[in-house]
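Got a structure for you, questions after.
Just so it is clear, A, B, C and D label the chains in written order, and each chain counts residues from 1 on its own.
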């Protein structure tokens, strides 16, 4: 019942992935598995939940998109700076499916890339539908290709791949191929749409969900989503649990616990 | 570093051993070994250190001589009454010596009988010099005999065996036999005399020592004996550690920590 | 099967195990699931007049087997939005105790009135949060202010009022007596214990707020001491809180004087399923002790068996083996 | 090698690790062995005017990883007999701080005068034992009485006077300020936290005295919070106490504001050898942090690095890796 405690780690490497995204690597071996997340403490600033884009040691890593104040500050960290890590928390991916379709929007690739790698290591096939606003923002495209996944891309501005959202790309792949799992992370409206289609194609869907987090220990209720707590029951949640929640894809809670509708353009 | 915690046990059997001594048996299996002691809580009364006369489970046991208020009350406990046990504490006997001489005075046999049993089980030879004020008070005489030990007795009133103290009996045995260990428990003046002789015969001596006890955890200093704490460093202490302590056999500390000289007739 | 029902200041509960304020209490769905899992009732997150985001993270620091340190900063959606959550919890059948915090007797009374309209079965006044400036224990450490606030709330609403007391005081009994004088119908004790953790590498407090409150196993003995002292000082019922994670812990509080208990930190890990587990264990343990009703043993440890009968069973029933003395 | 020497209100110590009062402090031989094992100094058991046997057993209850509960009842041989023990400790070279308890300012002063004659380097006033009627926190919870007692002792002796403060208060800083006003040369914080354990089977408190005091890991966060608050309130040095069992714990106290620390409960198990272990670890850890003198970092966590440099090392030295940003 003793939860994992906090460790202070020096950043060993700072790798810009896209103009708005950076990967921090740090010495950390806690036996984490793909899909799990950690609480990243930026001393003097804030502490944010971050999926592990490199869950396995000896160098763990998170990949952070500049969104608000803190995630922007994270882009300015340098080698040798120290951050706090506690975790790992949450549920890992089940790696048994043989033919996996991955649908990643924006920074969603951060959690899906290591999951795909693990699936590939098991010898499974992985197809990836990868979306971003523009070509330069396609996160981990090369990483997916290097592991031998088939990657199809979409960009909002059409600078690469299909123009527009990633959902039509996913639909196309779903139609043409017999998948036994679909893993998705990205804006909730996107995940809702993709999961809906997959359900009709009888493909089980796992969504990686984001909510406000404070304790990450299943106590404070900040991350409540229907009857679930994303920090313990998630962040991976099967579509069957999500589809009847009227909040999923429509509203979230702010740090005061107020319900807010998702505006256009945000997850 | 987590110390053993307290358990409440029902007394399963109350066996009078001598007119002034009773054995309590209770369900308790804590992997104790001969020589170790427990703190016995008599609810509403007091908590006393007691050597385990039956250290091994499933029924543990202590053998209590009526001395002061609490040990007298213990004589009145009955089957089904509940007592608290915490421990085991302290050092167990080293069971490697092949030819052991045991010198027990009064209730000292309580800790030495299970040690002798364990030595016998290892196939070692055990001689016992057993002393008491009178024949009826010879504690565990039959138990020693049953395990195949040679038993020689002394009584102050001469009602059985040698008249007088047990020390001359011990001397005689020491002279006539090649022991490789002497284990003793009883009044400290007795232990000092016996150990002195054994040293001259080059037989290593282990004394089981009693002091005031409160915490039994090596904290409160109540059981201090020179630089040692009887609750952690003892209750078994080799003669080499004791012989130069001017307190041993001469003074003890009362519950206030005052140094008191041993009067005649007390340990 | 021992009877676990409780009458808490007129509020009937199916068992004495309540969800503590601030844990799983921000959303109606979570409160409903605590009740569905076996809780006797739920206490809401402490709600204030206006929405508050609370402090920046880190707001919680796990301290190994000792417990958790937290300084949330009373985040809450405010009394205007919160009733929707209570509706959801009540729809699930849960008796809901509404927790409120405010700075003045007047503000407390206004908030209480609003909270009373939501259908809660009772109010709990947070006079004890150890780290919110101008609220909680900053006002709740002064018996006169406690008395005034309680009186003001009791005069404003028609519901039982529980005053939640801080352990950060020389005299918990004095605070409880003040609440009783003010008309409180029950005392809840305790809130978290003022505490701090420092990161040595970074030479700074870990929580963004600096000071926080300790909860979990470390504070069980502290909560028990408070309940013990309060039981000797007041007539009204006591709700015991602090480090409860098992039926045995709940029973310690019962015997120290608690009529009901609240569970918070221990839910981390097992989640609300813990309520069902403890309720089952509690029945079984009471049966074994020969206690047929939970309520019958409130405060029992204050009158322990004297003299020679101390080692006999304090409860009539199966655990007593009466045998003639000396049976081998 | 980092410099561990400390000047504690004019008393030079070879390192900041002191034996806490009541642990290994009843006999001179035990105190001498604590010093021989590496302690910077020792505090005696609290000594009173007359001998006291203390409470009946059980006086101590182990509470697993949480710590120990105790109510010894201030057993001590009395000031007439005790000086012989101090002689033994001093013969071993130990700087001895004499702890005393009494009920009134006058009795405190008389006892202090007698204790000062024994060759102790300083006095510690026990204003904080949580379970002795008429002594300890029963008087030490009132700032005016604290001030009066301290003033009376400071006027009576020519030695540094440490006032040992209770955590069982709404306002530890207020108590420390009162002691400072009275002329105290240092504050010791904390004593044990009021607590209770009940045996469910027997339906009675486990300790013979009922209420007791909690020590060990559970109270480290509580002690840190007290030291933190006191550091912001007074100018005199602080001796941090509560749950210290490692160099890391000692450093937390240092950064919170403690100039020296005391170790009690953690000695159960390792014994006084722990002093040597912690002293060695402390040097190594300070070196790694780039702190060359223990005393240089007192209270450092009160001025944490602001803004973007917060993630940089707070200490100059080897742990800072300065590399151009973005290096892979």
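Structure notes:
Please note the rule applied: a residue touches a chain if its C-beta (ideal position, glycine included) is under 8 Å from a C-beta of that chain, and two chains touch if they have at least 3 such contacts.
The shown structure was predicted, so the numbers you read here are calculated from the model rather than taken from an experiment.
The minimal number of chain-to-chain contact steps leading from chain A to chain C is 1. Two chain pairs are in question, B-D and B-C; the one with more C-beta pairs in contact is B-D.
Distances between chain centres, each the mean of the C-alpha atoms, put B farthest from chain C. Centre-to-centre separation between chain A and chain B, using Cα means, comes to 66 Å.
Our note on geometry: chain B versus chain D, Cα centroid distance of 37 Å, whole angstroms.
Spacing of chain B relative to chain C, judged by their CA centroids, is 48 angstrom.
Touching of two or more other chains is recorded for residues 43-45, 82 of chain B. Among the residues of chain C, those in touch with two or more other chains are 63-65, 201-202, 204, 304-305, 310, 319. Within the complex formed with chain B, the chain C residues making contact are 304-308, 310-313, 319-328. Against chain B, in their complex, chain D makes its touches with residues 22-27, 29-30, 32-33, 45, 51-54, 56-65, 68, 70, 72, 75-78, 81, 199, 201-202, 204, 206, 208, 264-265, 267-271.
Interface residues of chain B facing chain C in the complex, by the touch rule stated above, are 10, 13-16, 42-45, 73, 76-83. Listing the residues of chain C that touch chain D in their complex gives 63-67, 69, 137, 141, 166, 168-171, 193-198, 200-205, 210-211, 214, 217-222, 224-225, 228-229, 248, 251-252, 255-256, 285, 289, 297, 300-301, 304-305, 310, 314-315, 319. Of all residues in chain A, only 1-6, 8, 39, 41, 43-48, 82, 84, 86, 213-222, 224, 226-227, 229, 232, 253-259 touch chain C in the complex they form.
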